[in-house]
Amino acid sequence: MLQALADGILTGSIIALGAIGLTLTMGILRFANFAHAELITWGAYMALGVLAITGVFAGPIGPFSFGLPLILATLVAAVLTAALALVVDYLVFRPLRSHTNHMTVVFSSFGVSLLVRMVILLIFGGSAEYYSDELQIAVRLMPGLRVMPDHLFTLGLTLVIVIALHFFLQRTRLGLSMRALAENPDLVRINGIDTRTVVRWTWIIGAALAAVAGVLYGMTVQLRPEIGFQLLLPLFAAAILGGVGNVFGAVVGGLIVGLAESFSVLFIPAGYKMAVPFIILLAVLYVRPSGLFGGMRGGAK
Amino acid sequence: MSGYIAYLVFFLIVALTYSIVVMGLNLQWGFTGLFNAGVVGFFAIGAYGTAVLTGPDRAELIGGFGLPFPVGVIGGMILSTLAALVVGLATLRLREEYLAISTFGIAISIQLVALNFDTLTGGAQGLTGIPRPLFATFGSPGAYNLFYLGLVATVAAVVYFGLQAALHSPWGRLLKAIREDETAAASLGKNPAMVRLQAFVLGSTLMGLAGGLYVGFIGYVSPMDFLPILTFQIWAMLIVGGSGNNRGAIVGAVGVWALWTMSGFAISRLLPVEYQSQGGAIQVIIIGLLIVLTLLFRPRGLIGEAQSVSRHVS
Amino acid sequence: MKKMLLSSVFGLGLMAGAMPAAAQTASCEIPVGAVLSITGSIAAIGKAIGDAGQLAVDQFNEAGGVAGCTAKYVLRDDQGSPNVGVDAAKTLVEIEKAPIVLGAIQSGVTMPILTSVTVPGKVVQISCCSSAPSFTQLAQEGGTDGYWFRTLPTDRPQGVVMANIAKAKDYKKIAVIYVNSDYGVSLARSFKASFEKLGGTVTSMTAYNQEQASYRAEVNSAMQGDPDSLFLIAFPADGATALREWISFGGTQNLLLSNALRADEFVKSVGAKFLTNAVGIDNAQTEGPSVEAFNKAWEAKFGQAPNGPGLHTMYDAAAVALLAMEKAGKPDGTAIRDNIREITQGDGEVIYPGPEGFKKAKELIKAGKPIRYEGATGPISFDANGDVTGPYLIWGVADGKLTTVETWDKMRVADAIAELDK
Amino acid sequence: MTTALLQVSDITAGYRPDLPILHGVSVSVSEAEMVTIIGPNGAGKSTLVKAIAGLVPISSGTVSVAGSNVTNLLTHKLATASIAYVPQTANVFTTLTIDENLKLGASTLSKAEGARRIAMAYDNFPVLQKYRSHKAKVLSGGQRQTLAVARALLTEPRLLMLDEPSAGLSPLMVSEVFERLKSLVSTGVAILMVEQNVKAALAISDRTYVLAEGRNRIDGPSSELAGDSQVATIYLGAGGRKR
């Protein structure tokens, strides 16, 4: 029970990190980006690539399995992931945004997701990779509860990021413009703000968060080209549960989805675990489409 | 019968089966603008429904009712319809994105059920020995395949003409009107959400029909038949062929499936063995590029939207 | 309708344009088809299996070819996907005119190829690696017409042997984590039945789905009930993930490992130091001249020992097919089918793997004398359903390397099964 | 007469190039002048101000402000062209607080200057001060209109464009809003206003343009048009012809 709670919170915090980026792009850019999952994968693999190229292994810090190189690699990965997001937006999404049916953009993100995943497969191969071959042994906190230091780090970092992002959105002009853009793009322009800049920054922030989520996720699991894709449904469920565009909501949504997945295994066979986010999603759509906390914009048309 | 012809018959059976799926998707996307990200799920429901209803009775299985093939196919279609209703009703009044996400979810969930509910679906082992309709009547596999090609082609033709008729009916014009200008259509007293739901459900039913035909031909069904990649392939067929046009859907199904099989063939021939492991990724990238480039540079696909439909509207 | 006709013509034109080479040069080349997962979830083991088939074909050509022609190995990737596999097999049979299809690896791909391509096309199919019991069932129902063979034993004997080993190790409460595939399900069930009959307890049976990034939930639920040991039935990549999480969360290191895990990649990913107390099983015989012959040839060609699932059985699948074709004298599926037992059973002269062995076999066949092939997995005998029972080896990990701990020959396996069935 | 502050010359515009809504419309506004645009439903009144604001593409004709060409300007450059625009609906961000709405309006200014002008706005509109940390969705229609105008004035524009500021307001509120606009004009700001309420529009403004079916029909000093029977004919006639 206790273990399921701890696992749920860990998985939930990673889902939350990914869902923040998704909910921002979904709320502000107004489309469900199926390729967001691949930004996560891309970030995770870019960090792996940086580690492989630099090859410096400066030894792990304290009780964690990783050291300075991975932290630096994560920063590089965040930049590279933001670059990918901007390139994709420039080449694919932006030209299609003017299309009469806005679902064309959503659909194109489906195609982009496939392409990115396969490019990763081509570059890195399909077999599982790890940041470190060393196995970290979980620490027993109390009977029935073991946690890994890495997991505590993940949870802590998620908290820090959420708080930082909250202040960014509440206190800065750019954050204010983002929230405004989610509600009414024309009115933002009327206020003298170049929405293209805001869109670019939304991509950069969303992608950088995706990269961080990818590295944290990759640290707790194995890296494979599908890791992001398998998170996609939990991410959407978390974002919609929390209210699209609502950062705080995405975090709570992520935790709920993570806990539900974790506890579900106590009642149903583990094989059905991946269906749990879908059930949550359906329930939200039937009962409260605007999410628990309401979004920047509601689900209704 | 020469090898090429035999392969061609086989190829066309598969391609035309997919063309029915593509026409179903065309009704959803091409004519109604609904993004179904879980095509493979509805295809799978039809296939499993048919397999469970027509398969042989086995001790360890719930199913195996040994019903006649047409009954099985219709049963599979009904199940696909119900699944479409579940996600359709949930998202009926919401933005279309929610339908996309829900369909994506239902496809994953259906695969999980196929994989884990082994007393119904045979689990990972799949369901074997599903009778192929009228198989005993034909002496050689070649003759049987020709017969089956005839069957699939006939069904595809019926679907094609049926859809054409529906699209030229008042209902079809309403669909088009809703896609062009939802508010205007709504102001005419039509409920756009309900019409969209109808198109979505009907399209999913056709996918279920194709699933039944697929099982009848292969005689076996397993979760591996319904990997997410199939959804991409079906989409590529529609986009490349030209969405909003049923002839385009059929041409796209045959063309893209030919491209897919031939690229596989070419890769196995041309790539040295040590690079073969990358071959599958290259094939998928070709499909992905095909989708994105067509959207960007030739949004109407090979064969654009049929003019006949819009003529009635305007 | 006109459009459809047009597109078929279009398709035909493309086919004919794309594949002229096959039709023309095949004058005296006999294609030996193989459908394997070179990409997809089990790509880690698929490529080496493909090499094993290639090795057998190369050696046969070195010995002078088959049925008067050169054998040409045509490998197609099924990408772990049935519709791709079926299509690949169909091109092998119809366009390449292969009288034999080797493969596939996963039963989910092998089965539709069997039912929709090879059996209707009267082509022999021999799998190196599909161990599902459903093939036996299909053969018993008459669904294979005898065209189906496999060179690896079904999962039942493996489960029995593992249960005996668990008992010998004095494990009382075992958790089983198994891959949710035909292979994993049937092996897990057979092990559970056998182990419980031997007086042990299986504390939990946990299935996992392939290619997940994490198996923490599965590992946690397997840990319930305080097992003193774990039987992991998995493929190398996913198996490593699951086992890493198991060990990380303080799971016991008393490990039993299934045959598919006998791969260097698995040992490397998990870390050899955690595997010192692990024992695994594999369906190969590591002793005897026929096995030596294969191992040597492999090492000579690839510079490392043939460690990995499916290598020995794939080699034998190809060798059996080629010898039967030589005996039949023509590339005809039905004739090959009828000759497979001729070259593996009876009192003929023993043939070992390698060019010399194949040369000898060709001479004997030419002279009309009987032969009996003993392969990379030792002696092979197919029963009425195309199944084999085989010897097993028990492996462990020492100094970071895979080592062989002991071997179970066929007699011992048969005795153990008989003991259980009493 | 000096050169007009805003000169719209013969513009054709519409959401889709093949379906123009405006067919060669011309309008001019001078410094410190209040101009209203009236016309029956579907006359293209809102489209006209949106086209000036760069929200609807102009396919021919020009728009210039104080002599410089701003045809099809990027909307976010309105402020640099000394124009402020208050749309008819959705003219405030309901999910943001009053304070945030104003901050957004000041985002082209330096932080210090922005703060100074926001403080001034609070002085001018005490009702906003009262709700400054509330979400704008709590405001009534009139209060929203006030907020929108206050926001628009932050950049100290020379021309303020309003799209039906009286829509949905009680008569009392309407006269209050109009009073305020009048006093704005007296401080030197020019106003171009789309108005549905013909009587009120003619009463308050200096000059009026009557549009119908995307074309200029009549224009002139409001006081003259007030007695012109043609105005009523346009309304009725256009309605009659439209079926």
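General remarks:
Per-chain numbering from 1; labels A, B, C and D assigned in written order.
Assume a residue touches a chain if its C-beta (ideal position, glycine included) is under 8 Å from a C-beta of that chain, and two chains touch if they have at least 3 such contacts.
Everything numeric in this text was worked out from a predicted model, so none of it was measured.
Counted as hops between touching chains, the shortest connection from subunit A to subunit C is 1.
Mean C-alpha positions place subunit A and subunit B at a centre distance of 31 Å.
Mean C-alpha position of subunit C lies 78 Å from that of subunit D. For the pair subunit B and subunit D, the distance between mean C-alpha positions equals 52 Å. Shared interface positions of subunit B, i.e. residues touching 2 or more other chains, are given as 112, 115-116, 277-278, 281.
Among the residues of subunit A, those touching two or more other chains are numbered 126, 269, 271, 274. In terms of inter-chain touching, the protein chains here follow a pattern that is not a line, ring, star or complete graph. Contacting chain pairs in the structure are A-B, A-C, A-D, B-C. Subunit C meets subunit A in the complex at residues 39-40, 43-44, 180, 206-209, 211-214, 216-218, 220-221, 237-238, 240-241, 244, 247-250, 265, 268-271, 274.
Across the complex, subunit B is touched by residues 26, 31-32, 34, 92, 95-96, 99, 101, 103-104, 106-108, 110-112, 114-115, 118-119, 121-122, 125-126, 229, 232-233, 236-237, 240, 269, 271-272, 274-275, 277-279, 281-282, 285-286, 289, 299-301 of subunit A.
Against subunit C, in their complex, subunit A makes its touches with residues 3-4, 7, 11, 126-128, 130, 133-138, 140, 146, 148, 217, 220-224, 226-227, 230-231, 261-262, 265-266, 269-271, 273-274. Across the interface of their complex, subunit B is touched by residues 1, 3-4, 7-8, 10-12, 14-16, 18-19, 21, 38-40, 43, 46-47, 50-51, 54, 74-77, 79-84, 86-88, 90-91, 94-95, 97, 106-109, 111-112, 115-116, 120-121, 132, 134, 137-138, 141, 143, 180-182, 184-186, 207, 209 of subunit C. On subunit A, the positions that touch subunit D within their shared complex are 173, 176-177, 179-180, 182-184, 186-195, 296.
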